[in-house]
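You will see two complexes here that share chain A, one where it goes with chain B and one where it goes with chain C.
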Partner chain A sequence: MGFDPQNFFDSLISAAAYLPRTLELTGIPILLGIILGLFIAVSRVYKIPLIGRFGAVFVVVYQGLPTVVALLLFNLLFMVKFNDISRFFHLGLTVSNVDVIWIGIIVLSLQGAANMSEVFRGAFYAIDHGQYEAAASVGLTTCQTLRRIILPQMLPVALPALTNNIIGLIKNSSIVVAIGITEVLGGASIPASKTYSFLESYIAAALIYWALTALVEYMLQRIERRGHKYRRQLT
Partner chain B sequence: MIELKNVKKEFEGRPVLKDVSLQVDDGDVVVILGPSGSGKTTFLRCINFLEQADGGELTIAGKTIELAKASKREILEVRRKTAFVFQNYNLFQNKTALENIMEGLVIAQSIPKAAARKKALEVLEWVGLSDKENSYPCQLSGGQQQRVASPEQWLSIRRSFSSMNRRRRSTRNLWVRPWRSFAR
Partner chain C sequence: MESFFSWDRFFENIPRLLPYLAVTFRIVIYATLAGGSLGLAIAILRSKRQSFLEPVFRLYVSFMRGTPMLVQILIVFFGLPIFLHLLGIEASRWDKIWFLYVAFALNEAAFLSEIFRSAILAVPAGQTEAALSVGMTRWQAYRRIVLPQAAKIGLPSFGSNFVGLFHGTSLAFMIGVVDIMGRAKTIGVSSKHALEAYIFVALVFILLSALLRGGFHLLDRKLSHR
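Presenting the complex of A and B:
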């Protein structure tokens, strides 16, 4: 099994062409995961009736579900039930004219939300209780306290673990090959189907994932450093 | 005038405050003394609803509120009229000294930002911390944090009483002076 630079280069080009698909498969889940995760964490920390309980159950159930299993399950349900659901709601859509990528996006978003909600919840507990009391004592409402005092202090605490989760989501996105979505990994393998140069294909895919995660990590670390301005530094 | 009647509070069946009553007239300075664990802080926390009392009444600015059954709105109203300096100051960690003082004024009391800023700067100068307006709490010493925490609270009190003596502005006798002028 030799290494052919020409095949490697072909795979790299082919993989790069599918980069927008991967960005779609990671960008939306990251954004949705953060929003939904924060919402679940807030409703659990503030013990909002019903929603808080529902969030807790969702996190427990979804975190026990391997991503591949979730993908296959959602995909199966989609294939079997979507036409009926679409007809019931008069959506005018059928299985054939909906891009399967949305299954991947939904599964990864829920995965992100479950994981990130735990990160946010941990960060909430890291904030000194005195901050809540101080805000209450000057007459801030719960919403004002959350928005002006707690969230700005909590996000820098959550950021290192959040970075981990975001990078995990990017790498996890390659798993969607299981339901036949072509993204960077799938794209890299296309030339190999003719030349059998799978080694070059996988290395090309790894290289692109590595570059993407390195870039994201670098950006998040810069944000992290900016968030530290009011936290006492350990020197 | 502030009046408290029969304030009751117990923790897990153990009574801490048993029918405590107190009347504070305008201009009064009241010191509550007692051994540690006797409920001094709990009493103050009950007034500010940081702790929910089991019974009793609070009369402030002519309005009487049942401590155990106060509505969210009544609680906010009392909190915006009163001030509370915590034992460990509890400054907002994500805000500078100036922003800490402004927070209650702008957000809770809806004073325009520019006016609140002017007021806060004045007060910072008054406690001798003009040069620290952009410092975060973690960059201030314990004593400096205390001086930020207090004017934050003084400002809201000052609105209810006559204005404090602003003629002598040296930091000497700082902690005696406000109390004296307060009593006047």
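Presenting the complex of A and C:
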């Protein structure tokens, strides 16, 4: 027992090799989460019938569901039902030739969408009502108001909470090892399966996540500061 | 082929799963108590003035916030026995749940210290000055004036953090502790029908999270209307 630097470096290299997988597992959910989250927030704020309601239920369900539980549930449904669905749609795919990473991406995307929609919804309510009225008074349509007036003011408000959510998604992506997807955490423990140097592996994984989240946080904070500068000029 | 989902199995599983919710609650309560006191201590130490421990706290909080909970659990699970071994304590025979208590408490301490600290700093300095001017000691001013106001300010973030902790406990089965999720997995393995158990666990989590969120929201409303 103890800490073996050699095993640690092996794990670090092995984990770093799987960094693209983690980026894939977080990048797509962040993008989809922002798009879907914005869509849900808009439909809830504008009280679009049916979709708004559905969005509200979706958010309650998904904010209440831990990532692991969602992953295991989706994984099970995928394993059992995918062949039938694929046959029905004539996709010509079976369970064995679909990469499991897609289950992880779907679960994390839905999670991101639920959390981010709440962020955007909060930001919507932070915009002064006079802005809508002013936009309407100069004859802008709802769509134009949203795109030209509301969204540009909303994003700086939403950014700090959005940063938290993005960091949360990066961290949560490690949970996909539960359904056998190999990413940074899984990659780090590959050398350990021979040497039993699990502690070194997990510390290596932690360092990579730490560096990744610190980098993302730094970049988003810079964007945030730029946004503040812009706002100050306006007022 | 047997039916994929059956209500009989679903209801059969409920008494087999529910008792294991106690494990989840125990982790949540112990982690909140231990993490909360440690976090409060760190928050008070950091809010006063820059101590020589400041870089240590910053590194600690940054690590806990920047790395996944699962990785932290695994590090504690594999690292704590080695660390205690150096101190001459044999921890390899401990019940695995103790490692979860330690991991979640350490994590909570970091998150809660940040919540408490920003809440304490959000109380205007004039409040402390006013308390001192009527002859309270520093400690009295802190305990009677600053902390109650800070508690109200920090409540919403504490609430969402608490729900996050509740969700995080579902990772317990990854190191082999049988909580409600772990039990659902073992039922799945032994009966070959995991779906009903998983759906029940999902419903429990959704319901309890919604209740917790609603409870914190009500508490917050009640406190702010005074």
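Everything that follows uses one rule, which is that the second predicted complex is superposed on the first by the 229 of 235 C-alpha atoms of A that agree within 3 Å, B and C clash if a C-alpha of one lies under 4 Å from a C-alpha of the other, contacts with A are read in each partner's own complex, and residues count from 1 in each chain.
Here is the rule we go by: a residue touches a chain if its C-beta (ideal position, glycine included) is under 8 Å from a C-beta of that chain, and two chains touch if they have at least 3 such contacts.
If you're wondering where the values come from, they're calculated on a predicted model, not measured in any experiment.
Steric overlap between chain B and chain C is absent once the structures are superposed on chain A; the two fit side by side. Taking chain A as the reference, the larger set of touched residues comes from C, when chain B and chain C are compared. Of note, the Cα-centre angle with chain A at its vertex and chain B and chain C at its ends comes out at 110 degrees, rounded to the nearest 10. Once the two complexes are overlaid on the shared chain, A:P20 sits clear of chain B and of chain C alike. By the touch criterion defined above, A:G139 lies against chain B but remains apart from chain C after alignment on the C-alpha atoms of chain A. By the document's definition of touching, neither partner reaches A:G180: not chain B, not chain C. Contact with chain B, but none with chain C, is seen for A:G130 once the two complexes are overlaid on the shared chain. Within the superposed three-chain model, A:A214 lies in touch with chain C and out of touch with chain B [touch as defined at top].
When both complexes are overlaid on chain A, the residue A:L73 reaches chain C alone and has no touch with chain B.
With both structures placed on the common chain, the touch criterion links A:V60 to chain C but leaves chain B unconnected. Per the superposed model, the minimal spacing between any CA atom of chain B and any CA atom of chain C is 24 Å. The intersection of chain A residues touching chain B with those touching chain C, taken from the two complexes, is empty. Across the complex, chain C is touched by residues 1-3, 60-61, 63-70, 72-73, 76-77, 80-81, 167, 171-175, 177-178, 185, 198-199, 202-203, 205-206, 209-210, 213-214, 217 of chain A. Put simply, chain B touches chain A in their complex at residues 48-50, 76, 79-80, 83-84, 86, 88, 90-95, 103-104, 107-109, 136-138, 152, 156.
Looking at the complex, you find that chain C touches chain A at residues 4, 62-63, 65-72, 74-75, 78-79, 81-82, 85, 167-168, 170-171, 173-174, 181, 185, 188, 194-195, 198-199, 201-202, 205-210, 213.
Of all residues in chain A, only 128, 130-131, 133-141, 144, 148-149, 152-153, 229-232 touch chain B in the complex they form.
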